[in-house]
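Here the structure is laid out as structure tokens; the discussion comes afterwards.
Letters A, B, C, D, E and F mark the chains as written, and numbering starts fresh at 1 in each.
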Amino acid sequence: MPYINIKVTKEGVTKEQKQALISGATQLMVSVLNKVPSTTFVVIDEVETDNWGIGYDQVSVLREKK
Amino acid sequence: MPYINIKVTKEGVTKEQKQALISGATQLMVSVLNKVPSTTFVVIDEVETDNWGIGYDQVSVLREKK
Amino acid sequence: MPYINIKVTKEGVTKEQKQALISGATQLMVSVLNKVPSTTFVVIDEVETDNWGIGYDQVSVLREKK
Amino acid sequence: MPYINIKVTKEGVTKEQKQALISGATQLMVSVLNKVPSTTFVVIDEVETDNWGIGYDQVSVLREKK
Amino acid sequence: MPYINIKVTKEGVTKEQKQALISGATQLMVSVLNKVPSTTFVVIDEVETDNWGIGYDQVSVLREKK
Amino acid sequence: MPYINIKVTKEGVTKEQKQALISGATQLMVSVLNKVPSTTFVVIDEVETDNWGIGYDQVSVLREKK
């Protein structure tokens, strides 16, 4: 019954990449912990770059600096 | 002081249904644990069906298969 | 496929009360949103009263004042 | 390595206010716990007022009553 | 800068299994999204079986029935 | 009505430090967003160093290497 929550910045994650995250995270639970896939949930949260900070700064500002 | 977070797929939950979830979850805290409603928070997250996976698959894909 | 997370202070919640929270929250998803119980998760977090704050103060301190 | 998640209602929080929340929360980890800013994450979630409840009611309804 | 939270029931997950979950989840972020490992966090929560419910029931009770 | 969740490794955070985190996070909400302290929640989660990973590694292992 695992529940996996993946939070990433909202920067163009495609539907195919989301599918790859879901199947990869589910497979990890099966391989490492022998969990049942049919009751394994994966929820992806995409966070605006203005709303994510690291090292005092907004990611949106860090991206502009690069 | 309970905090309840409800995550569901974003598939047309109405304002009235959200109100019913909030009042029902709050009442549950009062009935079972004798908590105070005025400091009981309920937060509902609606998750895109591309972003929710179960049994290796995106819910958006599962919905199409049905 | 709902996921419900209930956070309460760790103050002697019994196994029976936890069961009542789980069944009540699951029933709420069925009644309001017509969700399927077999893929409805409820996770209860019990938080130490030193680790929960409201109105600037630790709950452990608020409990002593009463 | 702290992770701080701030949930507030979505009611016009500006980019500058978000920056102030990020830098203030990061500074708090440095001042109180001597944590390293470069591995301190702050994630802000803005929640629709229909989706946040307190005291049985949706915040959107409470705002109209005022 | 991904943040991955894995919630599983507290049923004897070993230190080696936790390491495998952490490295596997980090690798998934690198492979699928080209993320940087040094700012990828993985947090594992182990939840008591009394505190996790599925299909109206506590996992602790479901385990006894088996 | 903000809700702030602070996750740190479980490495001897004192009751006084927890109080400082709670009052500091609450004050941040008041100063930046003009929020009401009496309905501002702060919840601190202390995570075992085996259960927190960064850059592929468990924090418990990183601490031993230092």
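By our rule, a contact is a pair of C-beta atoms (placed from the backbone, for glycine too) under 8 Å apart; a residue touches a chain by one contact, two chains touch by 3 or more.
Which protein is which chain? UniProt says A, B, C, D, E, F = Tautomerase.
All values reported here derive from a predicted model rather than from experimental measurement.
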Those chains which touch subunit D and also touch subunit C: A, B, E, F
Chains in simultaneous contact with subunit E and subunit F: C, D
Reference subunit B; chain at largest CA-centroid distance: F
Proportion of interface numbers common to subunit C and subunit E (over half same, under half different): different
Winner on C-beta contact pairs when D-E is weighed against C-F: C-F
Subunit D-subunit F separation of Cα centroids, rounded to whole Å: 13
Chain centre separation (subunit B, subunit E; CA means) in Å: 21
Multi-partner residues of subunit B (each touching 2 or more other chains): 1, 3, 7, 21, 25, 39, 41, 43, 52, 54
Category of the chain touch graph - line, ring, star, complete, other: other
Pairwise chain contacts under the document criterion: A-B, A-C, A-D, A-E, B-C, B-D, B-F, C-E, C-F, D-E, D-F, E-F
In the complex, subunit E residues that touch subunit C: 7, 47, 50-58, 60-61
Sites on subunit A touched by subunit B in the complex: 15, 18-19, 21-23, 25-27, 37-46
Subunit F partner contacts - residues on subunit D that touch it in the complex: 1-9, 13, 17, 20-21, 24-25, 28-29, 31-33, 35, 39, 52, 54, 59
Residue numbers on subunit F that touch subunit B, as the complex places them: 1, 3, 39, 41, 43
